[in-house]
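The same subunit A turns up in both complexes below, where it pairs with subunit B and then with subunit C.
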Partner chain A sequence: MKITVRAFADYREFIGKEMELIVPEEKTIGELLAELGDRYPKLRSEMFTPTGELKDFINIFINGRNIAFLKDMATPLTDGDIIALFPPVAGG
Partner chain B sequence: MYGWIGRYLRIDLGSGTVRKEVITPDLARKYLGGRGLGTHFMMTEVDPKVDPLSPQNKLIFAAGPLCGTNAPSASHYDVISKGPLNGTIAASSSGGLFGPMLKYAGYDMIILEGKSAKPVYLWICDDVVEIRDAAEIWGKTVPETTEAIRSATDEEASVACIGPAGERLVLFANVMNECGRAAGRSGVGAVMGSKNLKAIAVRGTGAVRVPDPKAFREAVVKASAKIKANSVGGKGLKNYGTDVLVNILNELGGLPTRNFLDGYFPTADKVGGESLAKQLLIRPRGCYACIISCGRATKVTNPKFAGQGEGPEYETAWAFGPDCGIDDLDAVTKANYICNDYGMDTITMGSSVACAMNLFENGVITTKDTDGIALNFGDAEAMVELVRKTAEGEGFGKKLALGSYRMAESYGHPEYSMTCKKQEMPAYDPRAIQGIGLNFATGNRGGCHVRGYTISPEVLGQPVKLDPRVTEGKPALDITFQDLTAALDSSGMCLFTTFGLGAEDLAELLSAATGLNITTEEFMKIGARIWNLERLFNLKAGLSALDDKLPERLTKEPILTGPSKGLVNRIDEMLPEYYKLRGWDSAGIPTKNTLADLGL
Partner chain C sequence: MGGYNLDRYQRQISLWGVEGQESLRRARVLVAGVGGLGTIVAAYFAAAGVGFLRLADNDRVEISNLNRQLLFQPDDIGREKAVAATEKLHNLNPEIQIEGINKTIDDETADELIKDVDLIVDALDNFAARFILNKAAFTRRLPLIHGAVRGFFGQATTLIPGKTACLKCIFAQSPPREIFSIFGGTCGVIGAVQATEAVKVLTGRGEPLANRLFFWDGQAGEGTITVTKRNPHCVVCGGD
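== the complex of A and B ==
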């Protein structure tokens, strides 16, 4: 399946603006992020604590839905999904 | 008194009399300062039915007890009046240096009454208060005015002024200070213009006293650390400004597009904070005592839209960008510069252009109405030209100067105006984010995001992540945010500190600055008191529950594309509960018990 990953704010410095990934087998968002973390250690250290917990105020969307309202890291991915990664941002 | 100065100026612009009056400790504790105290004086001294642009309306500049202290981002003051854009109680907040300077000069507040026979400006230097002739600066832009007044008074003075738009009574004219900071919304600049008051320049050499400087410093260090540990104090706002929000709202499908016809704009990234940082940013700018520095000093070199100044903020980038179907950051920034120079609110300006484009595309207006300009969504040059025409008071710009509601109504189609209580909504689509819809509808000055920023939990996940599509629990959430913000605005802090600080932290800072024991409960109750007082003003002005609504487009026409496709706002599921939790009857009127409990 084809998955698009978009990065915003500081995360663009680590992985670029957008990438398309061809994922051969079924995967959860947690598994995909773990693989991305292997490729981009800086992204991993910014997003996760040393024990692998997602840090505070980081938002991960799949097709516009925050994974907090799906199945969190266990949310399965499907073909064509768009993942958006946001570091903590504020404003108004 | 500590924190407060305990003294304010009452100036009758008609007779030229200046009086120094005292704020009693009881009153100060009841309403704090800024928005709360100003609303109290409006309620007790002005008939809510007054014509906002008549001499009988008053204009109040008020700082809060924390303003001018060393508390983080303690820079904010409010301009309070009856707003001409929609006739509600208006309180517009601004940062910069004006609020602290007012306190250092020895005043918590200035109440301006009547109308001067000719253009004047005020010069306040500690105990000296002069009403000076402004004939030579009338007609000048904000930067020109600021410079002229500083060279005539003191280069260190803070200048809050109106531009030509305020003089011309553009209904959404603002008050600008330090050139780039705005008390932006509801048209408080037009009230200033109606009084023939061009500017207030202030220079103070005093200080704000706190009872125990060491204890206060400790409270400040603690609060600053909390802000720094939060997203607001991190790299995001400093590197990208508030415009960093464009992408997260768009990815959610909650970025209003083409006058709210849609909630998703495929090329939004081009006007987002990341693009801004790369293309136009010179450096971040901060207000007094700010550890965040969300302001943007920018420069556009593209000859078509060349200029230099401050901005754009997120709301501005959206209003001139996606809301008009535009993704040209240079054009968006140019429109922002014109608004800053002439003194106009960017949200209402942009949304009025978007409304005109919508009317044009649907054939309600034609080039005959628009001075020959075709107004299609996406046309950046037409957008900038309309902003210029409004600023200069030319042709179709005079229609736009009324705001989108009156303009659309004059063509028989007010439903094209994306307003609540006739004030334009900001950059969050209530169809994708339920709680903010309720907040816009119940806002005491109409469509507004800084009366209860539920975007924080509903989109940004702070302090907790709440599902934006759910209505359950949102009335209580809105009330908490509304009350917290009312108390915060009245204390003199910047709203952005609430990303890191809760009510308990703010109450602690306030207690340390004033020497009073203000508990979290009291702090929140002060907020509720102010909210209800504003409600009472509006009810007396003639508004009712019928005004607590969203434009029909948002409840009947679903978002067309993007992640929130198919969604509408479900305000009917929230509003009755909101009234109940507020302690209001089903007609939206505070009950006797509620008022008694709040000491109103």
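== the complex of A and C ==
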């Protein structure tokens, strides 16, 4: 299945703006992010704690829904999903 | 419109008519946070003739604010931001009512600050306060214009109870509070977007950023839209 990953802000420096990935069926967002982390160690160190947990204030959207309100890292991916990775932007 | 000189607004009345301007004159707006975003948004509101502005912030002006908080000058260092900003904006437009309140948004103050306004601008600097404001705004069914900035990056979206996702549908957690890097121009971009959103909602013109998160990447020179969706299990709005 085809998955589009869009990176925003600092994350673009690590993985570029957008990539299309062909991945096998029955993959979760957690598995996909782990694979991206292996390919891009800087992305991994920004998004994950040293023990491998996703930092809880990182915003990951699948088709506009924050995975924190889906099944988190166990959220399954489906063909055509658009994933957006946003670091926190919180100042004012 | 006694004491409200329409000539002043001539160049925008041609956009939305006298009735649109009357909507702005009658509007009561809370600007929550009078920092990098709040000073910009409030200045555009005052210049555009929004009839009542409440400016809420409990900080005082510091020298490190002056790179972006364009309402403040060296003489203001140490003064309450809400008071100093009220004074500057009154000079900019004495035809409107401005109320500066030296309070932050918390569980005690939120409802008091919003209960008699028509629209709220989130110009806060942390998500803990934003989530409190979001809940209060949803309870009162008030439109909330979200904005946030860091470095060369910024985001904005318009949250309308019953029509769009609320802030808690989109963002899950409060990032740790930090002294964030910021260039004034980023506040200018996002503050101007927020002011535009507010004016659209108040005059009924245009297409608000409803269920659309505008993200500004000043480094790349690019703005993007990410479509957002309501969370049917949202602890604040329940997807309503």
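Side notes on the structure shown:
Here, the second predicted complex is superposed on the first by the 89 of 92 C-alpha atoms of A that agree within 3 Å, B and C clash if a C-alpha of one lies under 4 Å from a C-alpha of the other, contacts with A are read in each partner's own complex, and residues count from 1 in each chain.
By our rule, a contact is a pair of C-beta atoms (placed from the backbone, for glycine too) under 8 Å apart; a residue touches a chain by one contact, two chains touch by 3 or more.
Every value quoted in this text rests on a predicted model; they were computed, and no experiment measured them.
Applying the stated contact rule after C-alpha superposition, one finds that A:T49 touches neither subunit B nor subunit C.
By the touch criterion stated above, A:T78 is placed in contact with neither subunit B nor subunit C.
Overlap of the subunit B and subunit C contact sets on subunit A: residues 6, 8-10, 12, 17, 57, 59, 61, 63-66, 68-69, 84, 86, 88-92. The part of subunit A that touches subunit C in the complex is made up of residues 6, 8-10, 12, 17, 56-57, 59, 61, 63-66, 68-69, 84, 86, 88-92. Interface residues of subunit C facing subunit A in the complex, by the touch rule stated above, are 33, 35-38, 122-127, 147-151, 153-155, 169-178, 180, 182, 211, 215, 217, 220, 224, 226-229, 231, 233-234.
If you check the complex, the residues on subunit B that touch subunit A are 230-232, 234-237, 239-245, 247-248, 251-253, 269, 273-274, 294, 313-315, 449-450, 453, 455-456, 460-462, 465, 467, 469, 495-496, 499, 562-564. On the side of subunit A, the complex with subunit B involves touching residues 6, 8-10, 12, 17, 57-59, 61, 63-66, 68-69, 84, 86-92.
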